[in-house]
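What follows is a structure written as structure tokens; I'll ask about it next.
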Amino acid sequence: MTDGLDACFVGVPLDAGCSNRSGTQFAPRYLRCESPNGPVNQGTGVNPFLTHNVADIGDVWFNLYNLPEACRNIREQYQAIINNNCIPLTMGGDHTITYPILQAMKDKYGPVGLIHVDAHPDLQDDVLGSRICHGTPFKRAYDEGLLDYSSVIQIGLNGTGYPSDDCVWTVRDIGRNLDFRVMKAQECWYKSLEPLMAEVRQQMGEGPVYLSFDIDAIDPSFCPGTGTLKLEDSRPSKPLNSSEGVVA
Amino acid sequence: MTDGLDACFVGVPLDAGCSNRSGTQFAPRYLRCESPNGPVNQGTGVNPFLTHNVADIGDVWFNLYNLPEACRNIREQYQAIINNNCIPLTMGGDHTITYPILQAMKDKYGPVGLIHVDAHPDLQDDVLGSRICHGTPFKRAYDEGLLDYSSVIQIGLNGTGYPSDDCVWTVRDIGRNLDFRVMKAQECWYKSLEPLMAEVRQQMGEGPVYLSFDIDAIDPSFCPGTGTLKLEDSRPSKPLNSSEGVVA
Amino acid sequence: MTDGLDACFVGVPLDAGCSNRSGTQFAPRYLRCESPNGPVNQGTGVNPFLTHNVADIGDVWFNLYNLPEACRNIREQYQAIINNNCIPLTMGGDHTITYPILQAMKDKYGPVGLIHVDAHPDLQDDVLGSRICHGTPFKRAYDEGLLDYSSVIQIGLNGTGYPSDDCVWTVRDIGRNLDFRVMKAQECWYKSLEPLMAEVRQQMGEGPVYLSFDIDAIDPSFCPGTGTLKLEDSRPSKPLNSSEGVVA
Amino acid sequence: MTDGLDACFVGVPLDAGCSNRSGTQFAPRYLRCESPNGPVNQGTGVNPFLTHNVADIGDVWFNLYNLPEACRNIREQYQAIINNNCIPLTMGGDHTITYPILQAMKDKYGPVGLIHVDAHPDLQDDVLGSRICHGTPFKRAYDEGLLDYSSVIQIGLNGTGYPSDDCVWTVRDIGRNLDFRVMKAQECWYKSLEPLMAEVRQQMGEGPVYLSFDIDAIDPSFCPGTGTLKLEDSRPSKPLNSSEGVVA
Amino acid sequence: MTDGLDACFVGVPLDAGCSNRSGTQFAPRYLRCESPNGPVNQGTGVNPFLTHNVADIGDVWFNLYNLPEACRNIREQYQAIINNNCIPLTMGGDHTITYPILQAMKDKYGPVGLIHVDAHPDLQDDVLGSRICHGTPFKRAYDEGLLDYSSVIQIGLNGTGYPSDDCVWTVRDIGRNLDFRVMKAQECWYKSLEPLMAEVRQQMGEGPVYLSFDIDAIDPSFCPGTGTLKLEDSRPSKPLNSSEGVVA
Amino acid sequence: MTDGLDACFVGVPLDAGCSNRSGTQFAPRYLRCESPNGPVNQGTGVNPFLTHNVADIGDVWFNLYNLPEACRNIREQYQAIINNNCIPLTMGGDHTITYPILQAMKDKYGPVGLIHVDAHPDLQDDVLGSRICHGTPFKRAYDEGLLDYSSVIQIGLNGTGYPSDDCVWTVRDIGRNLDFRVMKAQECWYKSLEPLMAEVRQQMGEGPVYLSFDIDAIDPSFCPGTGTLKLEDSRPSKPLNSSEGVVA
């Protein structure tokens, strides 16, 4: 399906890795629906379609009821795309999907660089005993050596976490323990981002790089549809027999 | 929490067992939000709150990322409710939830009667290799002997299924193989349902009965928000390397 | 403003007489907004604008914070319209408004006929000690002799009420005590309404008649925006220190 | 693009031929967006994709600002589809589009049969001096001999028109002047449509047939988004210096 | 109901004191509906529910049709809450409600401090002859000595008023006549608010303080649902016989 | 209709000149619907209705299916308004409408000044062979000498165009070829616009000036409903037999 393509748009409508609000499964279809496109970006004067073959290859398939199995399915289909020298332009899907995509990238390129734009570091080790969900992809990437840490930057962090030290990496911890470069959201405000972008280009060098963009990097006043803002999971965090005071 | 209550409203905001459209996780909160209630039903003249103690006890808690585990969580919390002689009035949640609720009912009462109002029989043995999801609860109930088949009726069937005989029970099969009583949607049209209701009351006798209502029993022209109408799952049904002709 | 007009559209954006849901104040503006109109009704072949002068004279003014005062304001402005031999075509507003409009009609015509299409009789004597609100207009009309009872019919009743005999008139009571003719909603189903309309025309005779149409006469499955369906007021019906069991 | 296809889905997002409400241009993209599809229709047991090659070939292109030119563009692209023995399954677009599609059909097949489901006959000769817009396609088809009248039926007529005899064909006129078979909406109510469908199959015989479905054939209480209900055009029908009484 | 609670969430779904747009009555229920909450605010590291007992005690009850009576109802129920040493966290409701809440606070604490965040000062003496509505609460508070003026600040003023000097307090007047401290909206732009917050803390001292937050303090481009922006009441400001030129 | 009026609100619900998204035809009715107005702007202290006679005269009429004809209709009706010494306050409508309005202004005043606030210059010579549509009005104005170029400024340009030099004027070209003064969007950010406004007042002098405001001058994060952002037309830009790579 990707024969002759330089890049492809591909959807991964995964929802099952969310916590607060489902709905990411609809994003691929609505991105297609609401995305008029003309050939020229007059700002740059470039018409990429004159120099690149690009197609929308549809959505990948995955097991709906088993997140680890879904990740295996996604990894396989991304291997097929990447091994065919086609660059995937992914429409997610919750952030679980980045884990199998990075696995497929490593299968071909070895550890890759990462530009991760997000309010949250998504570096939890597990959530509710699950090691695979939208809170854990970059911890899995770290554990499996999928990333070239000298070429990793997380931009826009403004997140919150759960009240246990061994399952959350605070912003302070990231820098100290994982060698990721981190830019908090507040460091991005009220200034041009051109200098930062120039630095990032330089940091990435010539190697393969993966760009992961989470909509909650944009302030919720503009993008309110996201699931986890700066608040916690909306479900009760303990069973109903708990005595911890909140009655919703 | 249910001490002294005759009945309670309880939410089970489960989404992970859906196939086509997520969103059932929002139903408990919106049912609460949109449900004004005054004490009297003038049609019957009854004010149930004068004779019964009823409260809203909030939502149950369950593992978001593991459906079998979620079912164990739900079963436990329902055992606590039912063992305290409190009748649960459940706001779901996708239809997976009926399986653990019936388990909890059997734990106390033995096999129970069932009035199941739905466009679909939800009697699949597995979907995508998963034996627990929204298409399988009544097959699990059947397998585990949770039901008193002489007191089971499914009303409103109008569903479709997947193209494999061993994972779908057609309407014809239900009646023949499982001893369920079945009323197709078309048998309910253009007539009073009072005679049917009288028959059902009689059929149920005096034993404990569970009523399960799926919103897709109502015609989608009135309730279009449901996930599975008479169409199939919206995801591609095979991996992208399949040659089965549909390009979404 | 109504000089030379045979009829006028006029808005009464009153909200303060509602109980469950406000919002009627928006109806005049949205009726105007969503009402395309061409001159001919091909069904009848009539173009009323060829034979009648009609204009939209805007909205009446009234005191927002005092319902009895608002009624006096509305009555005055309707007197001006009606005394100028202009027929008001009113866009409400909650049903409180019918009371002062009927007062203005009586000021000119004496008691008038009434065709009242509604799920509720709106014949309560008072609600929460208030004798003027959306539940009482036809009781006020009855008390003040605004209606010619031989020419009154209420069509579509399907309502509920409050649990006190001296402040609600059941459907049975209406017919017995007030000499209104009543057609319950169920008597209108599954049959042509042409015979009923012929009877009504005959019953109304030649005298002046007021037509009052409440959107809740239409089934909520088609018009869900209405405030009072067959349920009661959504606020708690007693102060929070009450022990009557409902926790919203 | 249609090589090897038995049928194709194709969009014609034309809006410019509407009168009251634009918006049909969005229908192709939203039909795609909201159309989950699985392979099997369990009602019939058929999986059409096992026996037919079907693809979505995207939207046709046409001049946005010139309706006659747009029709020429649409006709050409449909000729390419039809001449390649591919059956077009069209997602419109306002009803202007049926005119060039019928032209393309006649180019290959000669006059064809027509099953036209619509509240309106769309048989006006011109609107505002324009002979090509959504009110005229079947009159153009009639004038150019695109239809085999013995195989034409219009089902669901419930429409209104403009107050001039020479630009509207009443339902009575259709039957009398044009040899179309006509079923008014009222003749379709409260009965099974299976007998009618059997008659229509017989009437169509073995020749090529075009099915044209306008969403306003469905009652607006279910499909309120349509532009022309039983009301007229929402714009003033004469310039502002007219004295014909309507002040919007 | 508040026994043992340090604080409670409580709703006051009052609408009747609005002018332009009703709808505040829905806010308590939708705040509950849309407010997921987890225990920890990672920004501060605090989990307030570990140190405080908090519950949602539902909505207060009040007379729907009589604003002064409604205020008496609200005052009583707030006395019960406050006298039980429970801090009310109120979900309004239009701004009328602050008047009876401040009365209840004074009943226990004497005059209190006030932090009032709002585009409008709400210091009108009366509107349409009514001394109790959403435009007057702080004037009533002033008249009845409910406030300790040395501890009063109004932040975010950007409002407009009515064209009569004796019923509106301009921003200039507030500072001059009432000893309130005032920060206009424009003084809050493009700077950190931390210094202002430090000053306010100091100004408030140790005494009891009431915080009142009106959503129109936030720019309407982010919160467009509010009723009174910088425009006036949307109803005609005079009866229809007025000659003051606006035809809506 | 404009006798005695100093100014009038008038709607031009034209849609047919759009490219990406229709919908401008609804703007006049919704502007009316959502526009509450009170007499006083407290910011300035002015009540314009005390010194000016203003009325809403409804919508103009125009041929729906022929853009050049529609322009002639609009020009005529604007001549009637302007010749009666009434200032039109226009609610559009797509930007095609500015061309006939400027024609009517020139008919009375000769070439006029122009303050044009827009993300796009709308100076294309033709689109798809059409010289009249929403991309061309100011080029038509230029060609016909409708503007006094010393009093022309375009503010907020941030637009894109089509890949052909002879049908798009880049921002650079405007200044060089047409003597328009141009302020790009980026030159308006993060500064007060008061100095610019003072310059513009001075530049305009005492002559007649037309102000044209396109909603896409406001960032789409606040006004997302507009049709053309910085992207191109959403329709395929070439017929389906083109080989230019984009499959929507």
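Chains: A, B, C, D, E and F, in written order; residue numbering restarts at 1 for each.
The rule we apply is simple: a residue touches a chain if its C-beta (ideal position, glycine included) is under 8 Å from a C-beta of that chain, and two chains touch if they have at least 3 such contacts.
The model shown is predicted, which means the values in this text are computed figures rather than measured ones.
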Query raised in the report: Across the interfaces A-B and C-F, which one involves more C-beta pairs in contact?
Result: A-B
**Report entry** Interface sides of subunit A and subunit D: same vs different residues, half threshold
**Finding:** same
Query - subunit C and subunit F: spacing of chain centres that average the CA atoms, whole Å - result: 44
Query raised in the report: Using the average of all C-alpha atoms in each chain as its centre, how far is it in Å between subunit A and subunit E?
Result: 41
Query raised in the report: Can you list the residues of subunit D that touch 2 or more other chains?
Result: 32, 235, 237, 247-248
Query raised in the report: How about subunit F: which of its residues touch subunit D in the complex?
Result: 1, 13, 15-19, 21-23, 25-26, 57-61, 63-67, 69, 73, 76-77, 80, 127-130, 132-133, 235-241, 247-248
Report summary line: Listed in rising order, the residues of subunit B that touch subunit E in the complex are 29-30, 32-33
